[in-house]
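Next, two complexes with subunit A in common: one pairs it with subunit B, the other with subunit C.
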Partner chain A sequence: MITATKEDLAIDVHGLDISYMSGSRRVNVLSGVSLQLRQGEVLGLVGESGSGKSTMAGVLLASLRTSSFVSSGTVHLDGVDVFKLAGKELRAFRAGHVALVPQNAGAALTPTMRIGEQLTEGFRLDSAASETCESRRARAIELLKLVRLPDAAAALEKYPHQFSGGQQQRIGIAMALAARPRLLVLDEPTTGLDVVTQAAILDTLTRLHKELGMAMVLVSHDLGVIDKMCSQVAVLRRGKVVESGDTSTVLRNPSHPYTKGLLASVPRVTVPGIPPSLDDAAIDAFEKGAEMHPVDGALYERLAPQGTAPVLTIRGLSVDYNRKPKPGSAPTVLDVDLDVHAGEIVALVGESGSGKSTIANVVAGLQGRQAGQLTLNAQTELAPRVAHRAKSVRRAVQIIFQNADTSLNPRRTVRDAITRPLRLFNVKGLTAEQALAEVGLPVNFTERLPGQLSGGQRQRVGIARAVSAGPSLVLADEIVSALDVSVQSSILRLMDRLAKENNIGFLFITHDLAVVRSVADRVVVLYLGRIVEEGTVSEIFGSVSHPYTSLLMASVIEVGDDHSGAIAPGQDEVPAGPPAQGCPFASRCPLVMDICRSVRPPAIEVSGTHSIRCHAPLEKLEHL
Partner chain B sequence: MLTRFVLPRLGWAVVTIMLATMLVFGAMQALPGDAATQILGQNATPEAVFTLRRQLGLDQAPLERFITWLGHALTGNFGTSLVSGQPVGPEVGRALLNTSFLAGITIVVGFTLALVLGLVAGLFRDRWPDSLISTVALVGMSIPEFIVATLLVLMFSITIPIFPAVVVAGQNATIAELAPSMPLPALSLMFVASAYIIRMMRTSVIDVMETDYVHTARLKGISMARLVVKHVVPSAILPTLNVVAMNVAWLIGGVVVVESIFNYPGMGSLMIQSVQSRDLPTILLITVIGAMTFVICNLLADLAATLLNPRLRYPRNSK
Partner chain C sequence: MTSPTIVVESTQVGRGFWTDLSRVIRSILRSKPATLGFALVTLHVLLAVFAPLLAPGNPTSNNPAAVLQFPGGAYPLGTDTLGRDILSRTLYGGQYALTVSFASTALAVLLGTIIAGLAAFYGGWLDQVITRLLDSVLAVPAILAMLVLVTVFGSGPEVIVLAVVVVYTGGVTRVVRAAAMDIMPKDYIVAARARGEGVFYILSREVFPNILDVVLVEFAMRASWVVLLVSSLSFLGFGANPPTPDWGLMVAENRSLMAVVPLATLAPIVFLATLIVGLNLAADGLAKSLGVDRMKEILG
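And then the complex of A and B:
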């Protein structure tokens, strides 16, 4: 229990209710939230969508959505009641005391203003008017150097869109630090970034916290990130703090069933198998006073199919977005060979820009190709454009999209969405109700609209739509990335069952290595449109890997890791495009040799199923 | 930029102007009567009409006449007026100057005001300044301009007689002579044309106010004035530019109704007269100028949008 006086606390939230009116009914976004944080400490706010964690982040800057209001409770920062501030006082408080690092820096930087001006306007209120232009500029450069942005002086003259996502996030952090805040609030600062970039940004934050010593609040859905960064943690569920305390206690020895369930539902790169999903209903009952049965933490291990026929064969696929190839540029996707067998889940892994979605779009016939042969079921050539493909071929290849909410027509019922392919492909003997039952949804959902479903339910409808036509190949593009972890594993289990029972081959595109470990049979690792490594899931996660795969693995942050290792500076700098010759990973590789810059590495067979494209000798590729 | 962006559009501009003149020429053929019957009146003998037609060159086939006109027009010779016998250039030029002056005042005063009002309405969304501005703008969009003009005359030249109701200076009046009677036509035009700009700017400001970057800038604790000028306006004005361009083109292309009501000697009035007298060369020149204005204004709006948008000015990978 914290026994400091109010002034000593960086944050003191007491009995806070934040509400909005829905008609004449008052709905609580946060209810009865009490939190305390000492100076210089780091608090993690963890929760799933709808838990109120972003509202809580806004509260610390005295910012609410226009329709929301404080219905009871207080928020004190350094002893100042923030909701008592208004007008100029509030502006001064925000300018000098508390700063926010927004979730998506790409959208949070004003597109029409140069970086330098956006940084220096943060100095305005805290410094004397006599400060000169040059000293302000020097301070801005100093800030950008602090967050390790390359070429800081030149960056001041640039506009936000000229930076990569990770660099934009660094600028967002620099902008928040401009006012020398005593409290830094970070709202999902690394969500949406690639795993290597995330690791590098978090290392920067850790270093900044050590050097500057301000208190920080980190809002995240990622338990691993919270575990690495925070000394204190509060777990939020539906606007209530269900558990809070020292991070090590809460995450290693949770007492509330929600925290336990959440921790159990996170897939791990170190452990194969699909984790159990969270039993929401049981937790609701527990909250009302019922007995909670112990959570079954057993993982479900998938068995790879043996000796099935190939459903998709890709040979020598190349895609170039430049219509007339420029000197020095290289095709976006080059020389990709890939097989998917019936009933098999093949994961295509890579960072953003690695060309994984391009490959899916080529298979779906939505994107043209410069070279390569695609064969379906070892007999039918796939035409480049979907319009030139026979109906039976279109029926055999189906796609599930990342965002179920935008890929379903909001004005069409679930029945419409599911029966469309049934009518189009003249499928007899399957009703919408049966298709829903197949994906584990209640049959009375047929007349609902997408807006009346939760995220996980919508993704099930998307899956039902794709599999109802009886495809032999399903392209699953990041289908669980937008879902909460508690729902994620149930969708993964569904994919496993459909592969097994309907003999569907899945090409599963993802950036999440833990998800790959839990569900995939084989893995293809892609870097800048080139395959660098492929093998069975146990081989990829085994002891010998491509330096790029090793970097990805080293960047994954999970609960219980020792969190002491750091990414070498510059390792997160992804080049804008693949090099015209040599190994695509040469610019970031710790083992780089002269030959890597000129000759494309050959595929070295580690085993019959495992191959690595690297010039380095195999013994150097073993993990330490 | 020039070859990829401007040149193809200029090509399309030529096609647009050609199509416009062909349509107008065709429409004039479809109207009963021609310049000869209009000049000579209802009681003219068929012989007199026939002779005049021959003198004016109206006895040739329409297609032949169009091609002849086109050939001359390409060399800059737009022919002589069938009514006055004078070259059409100077006459249309005078009307264009008058209209440009009227349009200029409307654009400088009215459109600037409209952008500011739209900004205020967007910033005070759903509060009284917004309700007031939006209602007035909606009224401006709904009422035809001749009613606005008539009401303005009723208020400012009959009830409170401070402005003249119509221009009495006549066809050859100089700008100085026209100036005193300018306010009422200009006000009518501002009222009608501004309405669209206000609504577009309001919507655009509301969209920008809800973006993450405005939210972030607000949480930085900067002043409201700086927030609006630096973070909101540059992004909000982009979608509004096209509406502004359309309205500028509409004004210069001759605002037929308002000019007629106030007897203002501009392009609109001249067009009405020329249609009545079937004075084809004058009408065709007005058509060419009108079409060119539309094309140029839209081109300028697109160019301005490109120049104001850093994403288009500095593509990501060119450093």
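And then the complex of A and C:
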């Protein structure tokens, strides 16, 4: 425990209970939370959804959700008991002492206000900076330069939608810093961002912390991010702090079984195999005083199927959202060749805007195409639109969605959701109960509504709906990215089992390289709608790769990495669209040559299964 | 990820249609204005249905021997210029007002919902054509459009219903279309499209159950407007034909004698006012307990 005087502590939370009333029952969102943080240090709050970490972040801003209240305990920030403050004093405290960087800066910035105005609001109480028009402008530019926003002066006149997600997050950070807060609370600041952008933002935050020296609280579900950023960490589970202390101690030598389980369930880019899932029931028993059995930490390594028939063959697929070709622009997806074999999991990897969902929609018949041939099971041509496809074809291609919340109709029971495809496609001899058992759900779930299921259970229902139709190809669009890590691995194992037992080919769309490494057989790396590299999972994660793949790998942040390296500035600037000619990656590539800007790179065959589209010679593509 | 505690709670409550219904009823009963509203509407429906049993006399039979009587005796609220019992006319008046306005509102909402569903489902040029057409109908003042229709087609109850449908379908479509557009991009609709489901299935099974709350509130809200509109038409002499007992008509007939038999105008006015206030309160209560934000729906 930290021993320090009250003034040294940026945060001193003691025995805090936050509750709300459900009818006449009191429900604790946080119970018995005690935390301390010295000035200038960084605290990480880790936990899964429902652990109360966002509530905790709110508490540190002296704010609670409506209908919640402090039922016992105290919160001192900078020695001030913040829940004793009211009205003017509370406003003054918030204005000068604390600041929040929200998860989604795109939604947090006012869309109708210029960036300059929004920034100025932040330091309105700072009389020196807000005195004249010039001083306000100077301070705003200074703030934007602090967060490394390119072309800060021009940015003041722009609106939030004119920036990319990463740039919006930088502006959000600049706004939080505007009033020179003593405590900065960051609520999942990089969760919605691509890996490269995430790495760049975190580097910026590290630098800002060094320069400005305020205390920071970082709320995240990502243990790697916490490990990189924080000196202190508190692990939350169901509103209780189960473990806290120095980050290095807690994450290297966890003592609580929950922390151990959480660490074990995170898939790693460096290690193949699906990690074990977290045993929630055992941890509950441990909390009640039972003995914790040693967890089986073994990874499950998937074996790729050998020599199976192709279920999906894509040749020369091009998609252009512009009706007529516009000068200077190029098709969103260009000349994509792709194969998925029976029982195989093919990962389609890329950042947001790389066209991976577009390709899935084309395969599903929801999006038209300009060129290209799609063949199912090596015999049936896929019509461009779902309306022109035969019932057997529609049955053979099924989709699992990213967000299980919106993929199930909230007004229809689990049985309705599962039996509809069964009836539509005339599937005989399979009941809703059997379909549920297949995905590992209890059979009495059939009469439940989606609102009565947890996120992982909903995703299983979504999988049951897709698989019960008996498809040969399943399009799995980011199916684990909305789930907690502890649930994630059980869904990955389910996907592996279904691929093997039902001989289903999966086109698995994801941005998460660690998940790819754990479950995929083959990987296709997509950048701005063009394939840059393709190969088996070990080849992709091997020593020779496309510069873009290398950049992606270098940007992944994991527990136990050496976090000293930073990515080169400017590498996170993704162009708005693909260039009309040449290599799509030319604008960010460290190996760029003249030829890259004019000629489309050829495919270098590294091995029979591994190809890289690059002008650079093979030996330059090797990395360690 | 942001409201985990709420999710846990909703896992325990709400199971199927009947519990949903009882939850809505309970939440309505908790609010005094909403309870009052529903009580008023129920009272009016009961009065109209049982008017033949409750009314002391015949609402349409003239009695030259008892013209302009004061309240009392056989005429609890007195009589009008033709010697008709005011209480009986007022009670029977509810039948006309409620039947015509509920029938026309129901038709307008039904039609509007179907058009809105089709517009939201197909989108593109069809959506554009439908919305522009309805916008142009909405641009014409309601009462003017109704007067034109009534002048052309005569003034029977079926013409009034037609006129209300013409005038109000546009507004309903607009609100319901906004709600349906909100549902359309959801993944379960995408899933249904990818399965190759037809328009009818997607609209009736996937979309409408999720916008039923909006449709219900829309119905309750419009009904109060329609009651007023129908009575206004009668008042102007374009609605119910004499001697039909109707509130608007009664006010028109008796307003010149307001000083002599004040109850002949006051009674229908009080009935009309309580019905409209009741409908409004009920609609507001319904909207609140169903969680429909009226302002959001209208401003979209």
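Assume the second predicted complex is superposed on the first by the 619 of 624 C-alpha atoms of A that agree within 3 Å, B and C clash if a C-alpha of one lies under 4 Å from a C-alpha of the other, contacts with A are read in each partner's own complex, and residues count from 1 in each chain.
The criterion applied here is as follows: contacts are C-beta pairs under 8 Å (C-beta built on N, C-alpha and C of every residue); 3 or more make two chains touch, one makes a residue touch a chain.
On a predicted model such as this, the values are computed, not experimentally measured, just so you know.
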Per-residue contact with subunit A, leading partner among subunit C and subunit B: C
Figure out whether A:94 sits in contact with subunit B (first) or subunit C (second), or with both, or with neither. first
Would you sort A:322 into first (subunit B), second (subunit C), both or neither based on which partner it touches? neither
Going by the contact rule set out at the top, does A:22 touch subunit B (first), subunit C (second), both, or neither? second
One more residue to check, A:607. First (subunit B), second (subunit C), both or neither? neither
Partner chain in contact with A:255 - subunit B first, subunit C second, else both or neither: neither
Subunit B versus subunit C as contact partner of A:158, first or second or both or neither: first
Who does A:72 touch here: subunit B (first), subunit C (second), both, or neither? neither
Hey, which residues of subunit C end up touching subunit A in the complex? 1-2, 4-5, 7-11, 14-16, 186-188, 190-191, 193-197, 205-206, 209-210
Help me check something: in the complex, which residues belonging to subunit B touch subunit A? 211-223, 226, 230-231, 234-235, 308-311, 314, 316-317, 319
Under the definition above, what is the set of subunit A residues touching subunit B in their complex? 61, 63, 90-96, 99-100, 102-104, 107-113, 117, 121-122, 124-125, 158-159, 161-162, 172, 175, 178-179, 576
Subunit A residues touching subunit C in their complex are 20, 22, 27, 29, 49-52, 54-55, 188, 364-366, 386-387, 389, 391, 394, 397-399, 401-403, 406-412, 417, 420-421, 424, 447, 449, 451-454, 465, 482
